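Look at the two complexes coming up: chain A is in both, with chain B in one and chain C in the other.
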Partner chain A sequence: MAPTYNIAMVSDFFFPQPGGIESHIYQLSTKLRDRGHKVIVVTHAYEGRTGVRYLTNGIKVYHVPFLVIYRSASFPTVFSFFPVFRNIMLRERIDIVHGHASLSSLCHEAIFHARTMGLRTVYTDHSLFGFADAASIMANKLLKFSLSDVDHVICVSHTCKENTVLRASLDPLMVSVIPNAVVAENFKPLHSRPEVSANSFGHNPPPVRQLGPHDTITIVVISRLFYNKGTDLLTAAIPRIIQNHPNTRFIIAGSGPKAIDLEQMIEQNVLQDRVEMLGPVRHEEVRDVMVRGHIYLHPSLTEAFGTVIVEAASCGLYVVCTQVGGIPEVLPSHMTVFAKPEEDDLVAATGKAIAALRANKVRTELFHEQVKTMYSWTNVAMRTERVYNGISGAISEAEFYGYDAANAASWSATRGRSGVQSFALIDRLKRYYGCGIWAGKLFCICVIVDYLLFVFLELWFPREKIDICPDWPRKTINEQKETVKDARSRW
Partner chain B sequence: MFFLTTPAHLYIRRPSPTTAEFTVTTCPPLTVPLRVALFSVLCVRVALVVGVVLTAYARLSPSPSSNPSSPSSTPSSSSSSSSSSPFLPFSSWDAVALLLQRWLDWLLASAAGQQCAALAAAQVLRPWWALGGVCGAAGWAAAALGRIHTTESLLVLRGLGIQTASSYGTFSHSGGSDGDCDVGYGGWWWFFGWLLQLALGTRSAQGSLGGGGSGGSAMATTRETRFIPTEKIRDVLINEAFRGLEVRYCLVVVVDGEEDVVVVFPRLLPPRRIVEAVWRGVRGCLYEPDGGGSGGGTGMRQAAAGEKG
Partner chain C sequence: MAPPSGLHQSAIPTDFETLPLPLPLPLPGLIRSSTAPVTSNNSITSAAAAAASSRRPDPSSRLLVPGDALVSASASPPRRLGGGFESGGNGSGNESRPRRHRQHKDASRSRSRRRKRFQKLLWVKQSYPDNYTDQATFLENLQRNPRVQPYDFWPLIADSTVILQHVCSVIIFVVCFVGIFQERVSPVSVVGWGSFATFIGWLLWDWWVTQEESHRDSADGAISRVGSMRGPPAFRTRRHDTGGPGLPAALGVSTTSISSTSNFPSAASSTSNLLQPAAHLGQYGGSSTTSVGGLLSPGHAHSKSASSVHSAASQTSLTGSAAGVSRSGTGGGETTRGASRFRDDSPSRGGRVYLRVGTIKSAMLIYFTLLGLSPILKSLTRSTSSDSIWAISFWLLAINIFFFDYSGTWVGVHKVSVASLSTNAALMASTVLASRLPSTGQVFSLTLFSIEVFGLFPVFRRYARHRSWRYHVALTVLLVLGAGAGVGMILGDERGWPWKKGLLGMVVACLISAVAMGGCSWWLIGLQKYKNEIYGPWDPARPIIISRRHWDDE
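Let's turn to the complex of A and B:
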């Protein structure tokens, strides 16, 4: 019988706000519940979404009343979250705190306080950051602070892992890569035929994608129109692509500050009949937009994972994307055409993709089934569960970190005997002290204050006075065979 | 002060299967030592109030009493001092003022009164705000001592509705507000419920409308009640809510046509064990055919049946 845990997912970003991190937390939580764990989500209060709520599958969401400053990230107050946080952790009997997203101060504070309370912590990084500009340096220092004392880190791609290890000066052994997944059922191609065989002639209708030389090819772009999403690149490339390939049109969905640039480009080149701008679309409408096209163009300048290109491939679109960040890891090469993040190369890559489609060299109708076997949230939950097992000592250090690493890891003086980080205050202080000449001392002061606050809270709000929540009935796992099969089929 | 209270605990009174009163109180059972202690608390409060009044009086009218060489210990001497006062007994108001002044002079002449006068004349309390602060603090302490016990109750009557009440002992007598029943018959419903309460003996008859908390505090109480008729009750449920720095369980009533739910036991917010017990009881009493099980006294049942008929 595998151990089950009480897990708290903490992030500033959760429903009703749409987005990748939000749906990641939700999907992971539901699948972890399916595996018999108890999951609660702690986030801040949104407009019209306050208090304590239940989602489907028995996931409990605490919308903590908090001040929101910028793009729904809450105000970083290092200690003010502690009393409420401790109350929630105790009443839900949480073992593992799992924080998400590096821009969420709620997540960092939760990890910090959880370590003070003696809970295991996991952090998932969803984004890439630079090292050069002032904002990044600041963000990286904060990340270093909260990740100085964390049990394990999960990154969504290997590129993201590299980035995070460098930013937070982590031991690479304590960073795992677990990619995102998509719910393939929500991203079916327009004409999904279950029995697509190698020769699709005979009784079946001819493939829908059988394109003639003069048929119109539709290129879809769905992204928020920000600088880092490569909208400038898109603005420059669209007129050239249309000029080179007369029978193409564009559908652009999304909103953002760069929308004006796109509209100006359309006006200047008189492309109103060739480029359609849809404005913002809801997540459940994304599929309906995608299936209108043949090619998905993703000009992003930085991307940790790029869930959207998996969704596009699942919808049966041929993907043209820039070779940045974690994108090259996401899809196999026969589904994508890569371009360098520059105008000429993007135009050339799109041309190559159009030519390949016109020559009917790409079997886009098979993409859906392939993506479905590659990405599943059940698999993500299984791998996350293994991380939980590793940090709580349910599987041995050698098994979790690898047999070679078990010996090599002995350099880490602060790691306890069971391969997990020690909770002793002096060990925690050691870890924080190494963060920098001034920052190290400042962080140590924060740790000590936090500890004193914890002692004060134990006196003022004693544990016995806090009501324990009854658990939602847990599920039992009876899918051992299925999981083995699932693990084999991956990659 | 701490031995005077207990953690919130629950009393259930079920005179009939269709009637139940759930009382959550911090007042322990009234034993003789507790009664003595409560009486001494009452004495302390009276002494505090009198002290505040005397100190203020000694400061405001310093002429006769601040002069310790003429201790006016007898009523005759105080009458002589009153004859020198500017008041003339023309109207009844002047007579009352005169009487009050005599009383205060008499009190001030006593040993405790001299202490108060000395306090009023103390060098530290020379500025008016210092004295005002001391008096205010003493008055606040007197008021706070009156709120030792909090008692909140929920009366459930099948076919009529439920009434929440929340009270704590104090001298300020605000009276029972009849809630904000916004239907035309709301007031009548409340009156009906009150009559029924009288009939069932849950409310002590000698108390005024607002007085006589059923928790059993000997002092007069402030009592806020609210009656919700059955047809306005959409549901009764247990909710979790952020309050202060914690998450608490609370029993709430969803009222038809109101945006906010009504929280039962809003001051005490008892622990989950009590909230669940009350919730089961309320559901049983309101909706379940056998009244949720346990029976009650027959006489009380007749009274309830009479009201229903």
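Let's turn to the complex of A and C:
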């Protein structure tokens, strides 16, 4: 019988705000619930969304009142979150605190306090940061603070892992790469064959849509129109692509400060009939926009994972994307054409994609099924569960980290990430002290203050006085056999 | 910086082999350090380390994890560095020792060889755990200091002369103030020599601009009109400030532009260039004195917005206007460009001579305005104690030095970028200093001198540097000697022979400047070894967009 955990997902970013991290947390929580765990989500209060809420599948959401400063990131107060956090953790009998997103101060504080309370912590990083500018240096220092004592880190791509390891000076073995996933059912191509016929009849059905040499090819772009999404590249490339390929048109969805540049470009080149700008679209409508096109163009300049290109491929679009960040890891080469982040190369890559589509070389109608087997939230939840097992000692350290780690408890007082990750204050102080000459001492002071606060809270609000809230009925894992088999097949 | 320290402590293989860290590198088991190519500190990629590790002699060895950089026996299993760097860099050395003894026990346990190669892909179902760290590919795209250009000593020295020049001119100003304040130097002689030097400088400038224009004429056939409108516009600014302080600048701007339009339609048509400080100052004048405005209108029309910006920027009327003066001075030849631009429309209206007359008028205007203002300035800070004034002027001059535009990027005679904060601070300092002086004549002299030093002189210096390196060096030497002599004379007692002190000051100044320039340059070069820039695939890409170049050219 696999152990089940009480898991608290903590992040500033959650519904009702739309976004990638938000849906990641929700999907992961749902699938973890399906696997028999108890999941609660702690986020800050949004307008019109306060108190405790239940979502589908029995996910409980705590909206903690907190001051929001910028783009729904809460104001970083190191200690003020502790009382209510402790209350929630005790009330829900949480074992594992799982924080999301590096810009969420709520997440970092939760990890910090959870370690003080003696809980296991996991952190998921969704973004990439540079090292050059002052803001990044500051953010990296804070990340180092928060991750000095974390049990395990999950990154969404290998590039993201390298980045996080460098930023927070982590041991690479305590960083797992678990990609995002897509709900493939929500991103079906337009002419998707019925499932039954695909299974029972011919394995090699004829391509659904044959593109003639003069059919119009529609190129879809869905992104927020910001600088780092590569809108400048797009603005420069569109006129040239249209000039080179007469029977093409563009559909651009999304809004942002660079939208005006695109509009200017359209007017300057008189492309109103070739480029359609839809403005902002809701996430549910993304699929409806995508299926109108043949090619998805993704000119982003930095991207940790790029869920949207997976969604596009799932909709049966041929993907043209810049080779930045984690994007090259995401899709197999037969679904994508990569370009350097240069105008010329982007135009050339798009030309190549158009030519390949016109020659009917690309079996885009197969993409959906392929993507479905590549990415699923069930798989993500399973792999995340392995991380939980590893840090809470359910699977042995040797298995989790590698062979040598089994007898490693002897060689370091502070290590022992998994079963023996020490909660002793002095060991935690040792970990924080190594963060830097000045920062290390500052962090140690923070840890001590936090510990004193914890002692005070234990005295003032004793654990016995905090009600234990009844659990939502848990699901039992009925597909356990299948799970085990699947897990075996993976490693 | 966070990344370097993180690098030292984290498990990047390259660090341990190439950086001179206090790590137990000379351990007997260290194979990698002997096989790894010794690369320089710059631009190491861990690919080199990976290549080195793949050449390891033991055939049964699997790929390494970065933790093996510390232990690095042939068959060391994957292991973690956690404690080593978590407890700080100093702990890693000690902790690595006991691990060595365990290697032999685990040597038999090599990873199964039937596995597929690890791929850095997310869509493949890999037979590796999620936290597997592949030695060969982990951080393979990490670049360190890829774009660093090392400094050279002598170019650095040469560049630092700009700073030296400015510091020296500030020192000279302070020396002059002290001289006037202690009544050692007659204010008339200070301002007389200063104005004489300014006049010489202007003549030189005029000559240079003429030369340049004639060069350009030969190139593109432009008729040059040298206009250095130094004086008049600034003067008019002042009058505007004093006469109607409440008058919104915008009003003045609009009236001027209208008047200039009526007088010279051509001028109004060439309003594209907004960076023409000299010209826009005329607009104030246009609002108050139409005659002058009419005369100078070629310069007016260009920069409505610039002037409004300027007026918004100048908060104190005094300093603001003074800054204006400086800008007008900097303008020197700025109108030239305006003139040459609209020469097609407005054929020669006296050309350069006309602009020279304008300049002289401006100078007269400044002169008389300052004369009128001096009694007011004299009693400006009477209620403030001298200590506060010294402190304030010290900080203002420090601001002037630190925020001065040393870049020296030459954008042309007509576009002179002036660091407005710096200039404003200097002129404010001179104003408060002047308000300490007892007589009107002294106040007038010091203020005029400060305008010359902080407003006009930097522009001249910059142009001189642009013209010829020789002029620049000569000017630097002169300034250093002057500053040294001045300080020497001020510090010496009054009775002694001042020239001896002056000579001593010169020598000391030369020594100090040489030591400071050399020392700072050497220090800066020495600090470069701490430079550690990390680049990798996580950095936002820099898009290369070709068509943008065309837009910029327009």
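Here, the second predicted complex is superposed on the first by the 452 of 491 C-alpha atoms of A that agree within 3 Å, B and C clash if a C-alpha of one lies under 4 Å from a C-alpha of the other, contacts with A are read in each partner's own complex, and residues count from 1 in each chain.
To be clear about the criterion, contacts are C-beta pairs under 8 Å (C-beta built on N, C-alpha and C of every residue); 3 or more make two chains touch, one makes a residue touch a chain.
Not measured: the values here are computed from a predicted model.
In the model built by aligning both structures on chain A, chain B fits alongside chain C without clashing.
Of the two partner chains placed by superposition, only chain B is touched by A:Val52; chain C is not. In the superposed pair of complexes, A:Thr43 makes contact with neither chain B nor chain C.
In the superposition on chain A, A:Ser104 makes contact with neither chain B nor chain C. Counted by residues of chain A touched, the larger count belongs to C, out of chain B and chain C.
In the superposition on chain A, contact is made by A:Tyr62 with chain B only, not with chain C.
Contacts of A:Phe461 after superposition on the shared chain: chain B is touched, whereas chain C is not. For the pair chain B and chain C, the model built by superposing on chain A gives 34 Å as the shortest CA-CA distance.
Comparing the two interfaces of chain A, the one with chain B and the one with chain C have no residue in common.
Per the touch definition, chain A reaches chain B in the complex via residues 50-52, 62, 64-65, 83-84, 87-88, 91, 461, 465-469. Taken together, the chain A residues at the contact with chain C in this complex read 128-132, 137, 140-141, 144, 148, 152, 154, 157-160, 162-163, 165-179, 228, 230, 232-233, 236, 301-302, 304-305, 322, 324-326, 329-332, 340-344, 374-375, 383, 386-387, 400-405, 407-408, 410-415, 417, 430-431, 433-434, 436, 440, 489-491. Residue ranges of chain C in contact with chain A, taken from their complex: 1-3, 5-7, 9-12, 65-67, 76-89, 91, 95, 98-99, 102, 106, 109, 120-123, 125-131, 133, 137-139, 141-142, 533-534, 536-548. On the chain B side of its complex with chain A, the touching residues are 239-242, 245-249, 271-272.
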